[in-house]
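First chain A sits with chain B, and in the next complex the same chain sits with chain C.
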Partner chain A sequence: MAEQKDDVPFYQKPEWADVVPIPQDDGPNPLVPIAYTQEYSTTMGYFRAMCRAQEKSERALDLTKIVIEFYRQQLLKELNKDLKIELEWIEWMVEEHPKSYQIWHHRQVIVGRIAQSLFPSITTTPSSTPSTAQSAEAAFVFNDLSELQKTTVQDLVKSELEFIAEALKEDTKNYHAWSYRQWVLAHFGLGPWWTGELAYTEELLKEDVRNNSAWNQRYFAVTNGSGGLTEEDVQREVQFAKSSIEKTPSNESPWVYLTGILRKGNHSVTEIKEFCEGLLSVPRANFSPFVHATLLDIYEVEAKEQRSAASVEKAKEEATMLAEKVDSIRSKYWNWRKTQLQKIDVAA
Partner chain B sequence: MFRLELRKLRHVKYVLGAIDKAGTHLTALDASKPWLCYWILHALDLLGYRIPERIAVRTISTLQHIQSPTGGFGGGPGQEAHVATTYAAINALAIIGTKEAYDVINRETLKDFLMSVKQKDGSFTMAVGGEVDVRGSYCALSAATITNIVTPELTANAAEFIARCQTYEGGLGGFPGVEAHAGYTFCGLAALELLGRTDILNLDTFTKWSASRQMSMEGGFQGRTNKLVDGCYAFWTGGIFPILGKMLETAGQDQEVLDFVYDRDGLQEYLLAACQSKTGGLRDKPSKHELKDIAPGGLSALLWTENYDKRKVVGSPSNVLEITHPVLNIRMDKVRKAFLHYYGKAAEDVIEEVDIEIIRC
Partner chain C sequence: MSVPNEETTAVDASAPEFLLDQHVKYIQALDTKKNDLEYWLTEHLRVNGLYWGATALHILGHPDALDQEQIVEYLVKCQHDNGGFGGHIDHDPHILSTLSAVQILITYDRLDAIQVDKVVDYIASLQNEDGSFSGDSWGETDTRFIFCAINCLSLLKKLDDKRLDLQKTIDYVVRCRNFDGGFGSSPGGESHAAQVYVCVGTLTILGALHHVDADQLGWWLSERQLKNGGLNGRPEKLEDVCYSWWVLSSLSMLNRTHWIDAPKLIRFILEAQDTETGGIADRPGNMPDVFHTVFGIAGLSLLGYPGLVAVDPVYCMPRHVIQRIGLIEKH
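Presenting the complex of A and B:
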């Protein structure tokens, strides 16, 4: 939505004539007085007047487009506004201020209210409760909805995910956009949109395999989507990460993802031992600190489990390699890991 | 040999210049007045510049006008209270450290405000009806700790929420599920330290993730995996290590190995050589011309590198900064003074509890 450009400032219009703006009371001689523009101080003066009178009106609502989030949310509720139109306005705001905490949160509140207004009888989460993807209960159980309700919800989720995808095109690592995306996915329960998330992250990773936000999102989708990580998920994701590592062994993201998925699925890191040792014969992989770091982890686990002196030695070699050759900025960390290895109780 | 020097006088002049007139370009910070006060005072404090009486008086008056009638501090006069600006206002007043400054804070309404943003799952929203994230936990607990209004209701489930923010990578995100990020990691860890619950994290992945944020080429830190180096993360990531050092010590590491986790020389060099501006102030990276007032962040970061465990200063000996508290982020002597004021006779016990001696020098 293109915001109307208007040459006349709002406060010169007749509907504002009765309002007396209240100047800012900084007290005498304040620290860091900001050289506000006239426009800014006047606007804030009118806003203070609205707040003091607790005025609930159209003109106050218009003013909050310029000024503030919470007051606006109360007004939208009080005045029973069409929330879909509000979403259009937010879309425009997000384009202008993609990194504003408030504007993304505002959208979350509005979409939460839309969800509640669609099915007031079954929605469990009051939309005014701030929630995060994993701390919030889903608003309802998707599978319990009627076919018509399911379609309505799917349409709403789809349009939100598309809206977020647009913002992510501008900045693929926009933290607010990703946070809001997780909230949308989780808030509407276990619907079919979760499966699309795998394809979406795969597409982003094709464009930029180092996009760690996309890897994180994939982890979120895989571990939450079907109500938990299944054995099938683990196998598929391990394969996915491995093939990414084979192409770009120096990329940290798939390495952390791989070990993260194994840990979450209660698999031992030693299961990828052959894979890592195999990479050592690939020249460019041999220089990757992550190959050696993972081997260090693997040999350390082996040493502990089998009380094996040979594994301790292998682990030490990797730590030395990391500290002295391939990752010397972290030499203190790797040398510390080496001292940890001394403490392992091995069989005589 | 070329000697790296922290140009203290230049930085002091830069900071003092901002006090009487902030340019129109800072209008964006109009909702962050307490932050401006805190940054200015903290920067002067770290540089060892005695806060002049007139500045103290003006800060007190400015913050008095910003305190909300319903508790806490907003961004400016008449603005709604916000947890982050409340944190900044209380730190600014604690830096001044006089009875007049302490008396500005209405502890009764502050408690009401903090409880009004506390959620059942242990998280805090940034403002009433605002967004949840782990910054809220840190800011709320820091403000409550300094002013002695911590209650079981305030801390219930707080550590559990923060632990859920730890991701598979090892660092913490803004809330559960979201990507690990150095800013949120510092906030979450510092909050856990205030709660005495750092043991709730996975220590191995946390240590590895933190160490991995230092960049091989530049020596500076990135904030997330595969992102670029930035001076501000010298503060956020650098701030993790003093607390992490203590966690490892508790987990049975001996003193000798505590100075291990990152390359302090590398980071100091990055800050001194690449981030100092000719006109005073510190910046994110050399390519940035426009300075955003991050001077105290850079200075604090420099301090992290200098004074953990045993002092280690790169370049000129005059680069030494004053000692700061790694969790509350105001000077150690100012924390002690504030505690003596707010806790009375119990102060010494509390000082021990929040591990004020964490930094030895």
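Presenting the complex of A and C:
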């Protein structure tokens, strides 16, 4: 309590000397004897005395603050116990029914309530959805918390992320598990838990580089975790995507990730021109539709920026390659791209 | 009443034939299987199941194959005092079953049987502060529920209800758009073809499709087609007949259906038909169910398969019904 800056309990202070506390009467053999702390019992004794005397004073007002805090903590203990049992039950349910979205939502509600009960002094608007961290009304600002609070919230987030990781071991693409993971990360605001996501997604992608959910999560973490995408992030992620592409050049996910990161970081797709052209001489890569599709994008941008007829021609060659050889199932799309190239105004 | 498809696609002569009569019988038989465990396990989806069955029959050109009076009577019993519909009698109301009930009643032109204003009250009560909608009073939020709400209100011509903030809904859906051009269930959620359908559908109904990069999203949707002609819902996932609907309807709203290989997709859907029982499965060789049956048939209709009644890509109801209630010029 802010009012109790010293260590002396209020009832040992002179202004309380005239009050005789009234002890709790549970009857001779209470059904469920509650082991109250001495301080709690004493405080409640003074509170009963105030109530019986109907005293209306400054000290009575001060006491209500203390009592409410005590009562809240008492509730918290009881509540927390129940909520933890609830979490265990959910854990079992998730093992049995990993794709039941109701059960994932239920866990989200319970953890939201635990978070609220842990930080009662902070008014929260519990968000119903995993908003991105940038726009989330987080429960609190992590850096403003006390050391004890920091440890508590970190433990809670950690245990939730571990729980979700277990479920994802069974099905790495479980949509509800990923949704809930994003909610946990964002609900507690910008905290140290975000940095672990890079290592976690890297581990999942090492196991299966074609796991699109892990790529999406990596994008979510990189663009939200530190409050925005830095230049350093862009450079690191471009390298990460490129090395994945070299291993599986026909894998859609790292290509979309690479161009997505570049766009988000205000970089031009033309910056990966050499990388893409280099792949053309790699036997497996030169049949990847994504190598040609990205080169088509690059030459199209060049053609527009430089009004270059030569770039239009190169782009057309890529579109033809895609429509006729490496991606004929989408030939109508690639042929449409070709018609768009013809509209580019080039220098005479 | 039924309006056949105006545009039809040439069908590969070597593709299996479409088993129209068998599909009608398959759907008619569903409600008679009350001794099957399956029937009771899907109780919570009974209203949705009726929507899938009734819609499939309408697209097949057999609108009277189910007992309409019996269905309307049943649906009335599923409506709660708060206006929402449960998935079955005495089941809690949910926005999914509410939309299905309204879709069936409008298809049969029997909206008079229920209290429409109460449905609107129910849906309005589910809008959240951020513009999204919850699925029910438990508060779970998903872009699917937004679409259910907007779709239902649009069908009921109640989008102008003063309690709603539709600009916030648009803003929320736009926040669910991803770096690959697709949409997820919530901001940051992985792009998924079914979520793309509900988000593009919502933006179409609300006249806000300009928020979508149609070329980027059109390409992402086209990428869902695999070598065997089938469509998947996310990169590196298996093809599934139901994505014939989620992907195709989205491409249709973006006017880019022609970007994929239609004959190959038609063949894939036809090969997923069960030649013994009728009905369509998720992929060739599997057991059929009414969910994949309607979305396979609706997909074929969107592709202009001959002999089918035209389906509306936004509402997934017969196009002539959407015309009848005056919503067709909106998209």
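Just so it is clear, the second predicted complex is superposed on the first by the 255 of 348 C-alpha atoms of A that agree within 3 Å, B and C clash if a C-alpha of one lies under 4 Å from a C-alpha of the other, contacts with A are read in each partner's own complex, and residues count from 1 in each chain.
The working rule: a contact is a pair of C-beta atoms (placed from the backbone, for glycine too) under 8 Å apart; a residue touches a chain by one contact, two chains touch by 3 or more.
Values in this document were obtained by computation on a predicted structure and should not be read as measured data.
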### Message
Let me test your reading of the model: by the given contact rule, A:N211 touches which partner, first (chain B), second (chain C), both or neither?
### Response
both
### Query
Is A:C51 contacted by the first partner chain B, the second partner chain C, both or neither?
first
### Message
Tell me the contact category for A:K332 with respect to chain B and chain C: first, second, both or neither.
### Response
both
### Query
In the superposed arrangement, which partner chain does A:E252 touch: chain B (first), chain C (second), both, or neither?
both
### Message
Output check: A:Y175 vs chain B and chain C. Expected answer is one of first, second, both, neither. What do you get?
### Response
both
### Message
Between chain C and chain B, which one touches more residues of chain A when both complexes sit on the common chain A?
### Response
B
### Query
Which chain A residues contact chain B in one complex and chain C in the other?
101-102, 105, 109, 128-132, 135, 173, 175, 178-179, 182, 186, 210-213, 216, 219-220, 224, 251-253, 256-257, 260-261, 263-264, 329-333, 336
#### Entry: chain B - residues contacting chain A, complex
18-24, 26-27, 29-30, 33, 36-37, 40, 55, 58-59, 61-62, 64-65, 76-78, 80, 119, 121, 123, 125-133, 161, 164, 167-170, 173-181, 207-209, 211-212, 214-216, 219, 224-227, 257, 259-263, 266
### Task
Please give the residue numbers of chain C that touch chain A in the complex, ascending.
128-130, 132, 134, 138-142, 175, 178-180, 184-192, 218-220, 222-223, 225, 227, 229, 234-237, 258-261, 264
### Query
What does chain A use to touch chain C in their complex?
101-102, 105, 109, 125, 127-132, 135, 173, 175, 178-179, 182-183, 186, 210-213, 216-217, 219-220, 224, 251-253, 256-257, 260-261, 263-264, 329-333, 336
### chain A residues within the chain B interface of the complex
22, 24-37, 40, 44, 48, 51, 68-70, 73, 101-102, 104-105, 108-109, 128-135, 173, 175, 178-179, 182, 186, 210-213, 216, 219-220, 224, 251-253, 256-257, 259-261, 263-264, 293, 327-333, 335-336, 339
